[in-house]
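Note that the chains take the letters A, B, C and D in the order they are written out, and that residue 1 is the start of every chain.
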Amino acid sequence: MNKKEILSDVLRHVDVTTFDARPLITAYGDMAFQARNLSRATDILNRMLADRECSVILTLAGSLCSAGLKDALALMIETNMVDAIVSTGANIVDQDFFEGMGFRHYKGAPHQVDDQKLRELGIDRIYDTYIDEDELRECDMAIAEIAGTLEPRAYSSREFIQAMGAWLDKRGLGCEHSLVHAAYKKDVPIFCPAFSDCSAGFGLVHHQWHNEKYLTIDSVADFRELTRIKIEAGETGIFMIGGGVPKNFTQDVVVATDILGEEKPMHKYALQITVADERDGALSGSTLQEACSWGKVDTVYEQMVWAEATLVLPLMISDAWHTGDWKKRAARQYNKLLATSGAKA
Amino acid sequence: MNKKEILSDVLRHVDVTTFDARPLITAYGDMAFQARNLSRATDILNRMLADRECSVILTLAGSLCSAGLKDALALMIETNMVDAIVSTGANIVDQDFFEGMGFRHYKGAPHQVDDQKLRELGIDRIYDTYIDEDELRECDMAIAEIAGTLEPRAYSSREFIQAMGAWLDKRGLGCEHSLVHAAYKKDVPIFCPAFSDCSAGFGLVHHQWHNEKYLTIDSVADFRELTRIKIEAGETGIFMIGGGVPKNFTQDVVVATDILGEEKPMHKYALQITVADERDGALSGSTLQEACSWGKVDTVYEQMVWAEATLVLPLMISDAWHTGDWKKRAARQYNKLLATSGAKA
Amino acid sequence: MNKKEILSDVLRHVDVTTFDARPLITAYGDMAFQARNLSRATDILNRMLADRECSVILTLAGSLCSAGLKDALALMIETNMVDAIVSTGANIVDQDFFEGMGFRHYKGAPHQVDDQKLRELGIDRIYDTYIDEDELRECDMAIAEIAGTLEPRAYSSREFIQAMGAWLDKRGLGCEHSLVHAAYKKDVPIFCPAFSDCSAGFGLVHHQWHNEKYLTIDSVADFRELTRIKIEAGETGIFMIGGGVPKNFTQDVVVATDILGEEKPMHKYALQITVADERDGALSGSTLQEACSWGKVDTVYEQMVWAEATLVLPLMISDAWHTGDWKKRAARQYNKLLATSGAKA
Amino acid sequence: MNKKEILSDVLRHVDVTTFDARPLITAYGDMAFQARNLSRATDILNRMLADRECSVILTLAGSLCSAGLKDALALMIETNMVDAIVSTGANIVDQDFFEGMGFRHYKGAPHQVDDQKLRELGIDRIYDTYIDEDELRECDMAIAEIAGTLEPRAYSSREFIQAMGAWLDKRGLGCEHSLVHAAYKKDVPIFCPAFSDCSAGFGLVHHQWHNEKYLTIDSVADFRELTRIKIEAGETGIFMIGGGVPKNFTQDVVVATDILGEEKPMHKYALQITVADERDGALSGSTLQEACSWGKVDTVYEQMVWAEATLVLPLMISDAWHTGDWKKRAARQYNKLLATSGAKA
């Protein structure tokens, strides 16, 4: 097979408005194990969306936007279900922004083509998904291009991602739904605490390498800005897809308010979809009870679902969309808050 | 139990020089499953250490330095087994630097004390390990203090961690072995690509919040500096404990050299200890063959070991220490390289 | 809480005919990871049901019938979707037959009540599910009672389970759907290769202990009878929920035909829902490619789905039920075949 | 590669007496996570061996005897560390008895040779291990041969396995250590509750198919005999490698004594090495606390270790062997007890 043949079967994103998962989720609530956990998690999600006092923070880790979940996640932004996002870089840049530029992911399979051959053909693989490496290089360079248009100072990743949204908006969006673009339009902040750890890193290193005066990405600013949101928001709920840095970073923000003498309550609602185990002591699989010992998460409304995200996230968002509590939620537009202030609130 | 009683059983770090794991590792090589994988991985580790052309990068994710592995990891720095480290922030700041300040971790158990009660007592829990939260706050403030002594400009996390090592050295090291301190003494760079995602974040947000002029942590600089090391080193091997940002970040550096027009070979050796599964498509559990499709890792000398790190890492390092190939390795002192140059090599 | 309060929230079984999973499964087919695997597995399930030449064997391991899947599995028998079942004993006796007697499972939670206290109250726990131990003892004794009515000779587990179905039928079924009862009515054989490893073991040991002349359960007969079905059926497909003995036993039957000089083709279709990993070398997580090396499973139509069964099995059966290929399947009634012959076919 | 080349690298079994794991296990006791769990489990193992009142039951699931653990497990029998064994059939027949006949396992790799090609060559694969299928057929036929020499009545699997030991003893043992042979010499009972689910099944179906009068394997007898041992033993400890039928069967025996009106205490000590997760509700990964709710396992001395067995079992047995509490243990020779009685004790 040549490259064109290998990259022929386009991956498509699920549209959770086309089916109503509510009867399923309700029935699952009377069963056992992860079915019941999924049902309870969805119930808490709806409760969180119905709570007028609560700001919702979504965290993303794992290859979600390349796996067909991009449109479902973008829908959450578009319909005011989410007020801030903390993500790995790959989801935001290599996957969402990449499709926003008009590129696509392709269906493949783990052992279909030898990885050495894929390398020679310039095809990158994520488990069962293929990417055209040339297109990914264009994505890297778009980041360098955007960096070149900005004043050479320190930025939070959020500020830079906002600029990426503006760039997409000006250029014309190359796909139907995009987190980066929707967040730009809705003033929803997106943070990538390890922003260099993705396609953005390539573009930004290129930018710094080739410019005497260059911008920097201040990772402290990310944490400071999310802390400011927590101070402003008061009540918060977190919906975590996967673990990793986004999970830890978002939980930590409660402690940060305390350290700044602006103590705020623990996250009132906490949901996590994960396949990680708690028995290796790593943060990704740590229980939400453990997070309570750190003063980060309250344990009244918390639920973990042990599942690979593609299987259950569409069901949860479909239920929440059809239930409709998002219709009464105000757009908090935290980008506006962050734009009008310096380091200190 | 009161706080003092709960925090009474001090966790101790394994000293891998006190037993010789070589007969065990050799015997495991003739067995099957993960025993054989462990033996093969150790063989590759020794091969990598014996390869005079090869620089070794160690990546750390998961709670390793709080779990009794701190001294074994520090030994790798002290004996020139490792030339650069990429880590999650918690390992470096909350755990290693924390013990370097003289604080300790304590043995606990998952369901021994209710997490709400731990919270009230100011005890933080990592699975079966306890931490005195008041001491952790002192650690946060030490970071703020160090930040206050530095010129307000953009730093890589590596630069800041070097300053932490100097601070420990000046103050007097509060434990026998420390990664941060050993790396300072040996000029081994340590990078935390998500540096705000740990105790450092608390200290640095405090620093920025309370100072009009403040330093920033440029995450692009981290990636640029590691890329410079790759350009300088040429041949490299990576020893990955866990996955997460450190795994991805370190693999990406090969691609970065290409983007800067300084193309260097893929990582020649690649080892990973992980409990992650490949079937969720996330980076942590992705195979090293998959990394080959991205042009990051060569597949001749690669091995994954499916195990929780505390069980197998002491065996691997004990074998390598007793085998002794580290005795002929030169100290590369990459901190010196990075000190003498600007953004561009 | 007293026993009655703890056992108050009845677990209910999902009815997969009340929602149509087809749009979801179709959308999942264009995504990645386990969503796509689930979609492909469902496609193979439908293909297998539409193949007039193919007999379908269902294997069950894990606590499925206590977890809300009983009615969905019984539906497969009632609608001719399945021609033989191989199961762990617990699913058939402690869970399905138990509910057939009119008893129920109750919703609980892992750490809601201390297990020592549950023990004192006579409540047995399966993760998040509670059982009244007194009722389970009645179930054990019903087995002893049935054994007492049978002629004292060697039985296959299938024969005994058929007698359990007759007993339920005579007594009046105490729940809406039951695998044991439906299999009795439809002449579908159910095998438990480790029949003593469940409530049946208690009843049958009681029977042997208290009777001079007693029946025995010949586990060789189970294997011989399933082999006869394979010889008769020719083409077969296997739908495996979990791994364990049922998976191995059913795969082995292909080899058995060869050993008897009646060589039959490998299982043409093979599906498995499992959370097991292949890296421990155990059979439960072994790939279906590995099974091909043993001559057991063909690799054209095989798919594993990495998920906890309660999450995905209702979706698969709902899709298959609504697709409707079962309407054209003949009832093979293999119990009749097995009734009319001796050891040899 | 031809068959001979593929089957050239012989797998060897670890000899745990050649290294002393005690310093390692002691050091692990002061660490965290699974290292500490392993240390505590080994401590309980030693405590159990030093308890003169306690009979030890070993349970085996997963491919252990083909993976290099055969000699370590046989050592436990040879040195009176274990008084009864409950196992999957494959460990006992396809792997241990098979090597006892003089055959060997070979080192391979998961994707080294295509599984279709392995099939054509008559090579069976267990993850990274190869078996000559022709030799496995000889093993099947040896079972048929042994069955042919026995009086045609109902046997427990234990009785049949004892006959296998006698057959090996008469023929001359074809390897250095064998569980089946050592158990025969030491009168240690071995039970396979699903005895047809392995090579024995092939041989025994062949036996029944070709003989008008044939023996049967009564799985109720297995459970009854193990219950008799529990009644005789009183205090018991269980050391479980993997889960599956052997775990459940052995735990259930406590309940069985109660049902027979001969109530005996719960298992006093309970250890399990497993990679299974509790969150699917299956027995294999269920906690030992959960087993307490069923009245099966006491919770004072219980410990699970989350690890693949080849990595940790040699360390535990090495520690126990060097600690030497086995030297004072009497051989209980439960085969003698079972030989001298009918169904009832």
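The rule is short, and it goes like this: contacts are C-beta pairs under 8 Å (C-beta built on N, C-alpha and C of every residue); 3 or more make two chains touch, one makes a residue touch a chain.
Bear in mind the structure is a predicted one, so any value in this text is a computation, not a measurement.
Visitor: In terms of C-beta pairs in contact, which of C-D and A-C ranks higher?
Guide: C-D
Visitor: Could you work out which chain's C-alpha centre is the most distant one from the centre of chain C?
Guide: Relative to chain C, the chain whose C-alpha centre sits farthest away is B.
Visitor: Just the number, please: Cα centre separation of chain B and chain C in whole Å.
Guide: 47
Visitor: Measuring from the mean C-alpha position of chain C to the mean C-alpha position of chain D, what distance in angstrom results?
Guide: Taking the average C-alpha coordinate of chain C and of chain D, the gap between them is 26 Å.
Visitor: Would you mind pulling out the distance in Å between where the CA atoms of chain A average out and where those of chain C do?
Guide: 40
Visitor: Multi-chain contacts only, two chains or more: what residues does chain A have there?
Guide: 32-34, 63, 66-67, 126-129, 277, 279-281, 306, 308
Visitor: Looking at the complex, which residues from chain B come into contact with chain D?
Guide: Those residues of chain B that touch chain D are 10-15, 18-19, 21, 23-24, 27-28, 30-36, 38, 63, 66-69, 105, 107, 126-129, 306-308, 310-312, 314-315.
Visitor: Tell me, which parts of chain C touch chain D in their complex?
Guide: Those in contact with chain D are residues 61-63, 66-67, 88, 90, 110, 115-116, 118-119, 123-129, 133, 137, 140, 154, 157, 193-198, 201-202, 204-209, 214, 216-224, 227, 242, 244-245, 248-249, 252, 255-256, 259-260, 275-284, 286, 289-290, 292-295, 299, 308-309, 343-344.
Visitor: Which residues of chain C touch chain B in their complex?
Guide: 32-34, 111, 277, 279-281, 306
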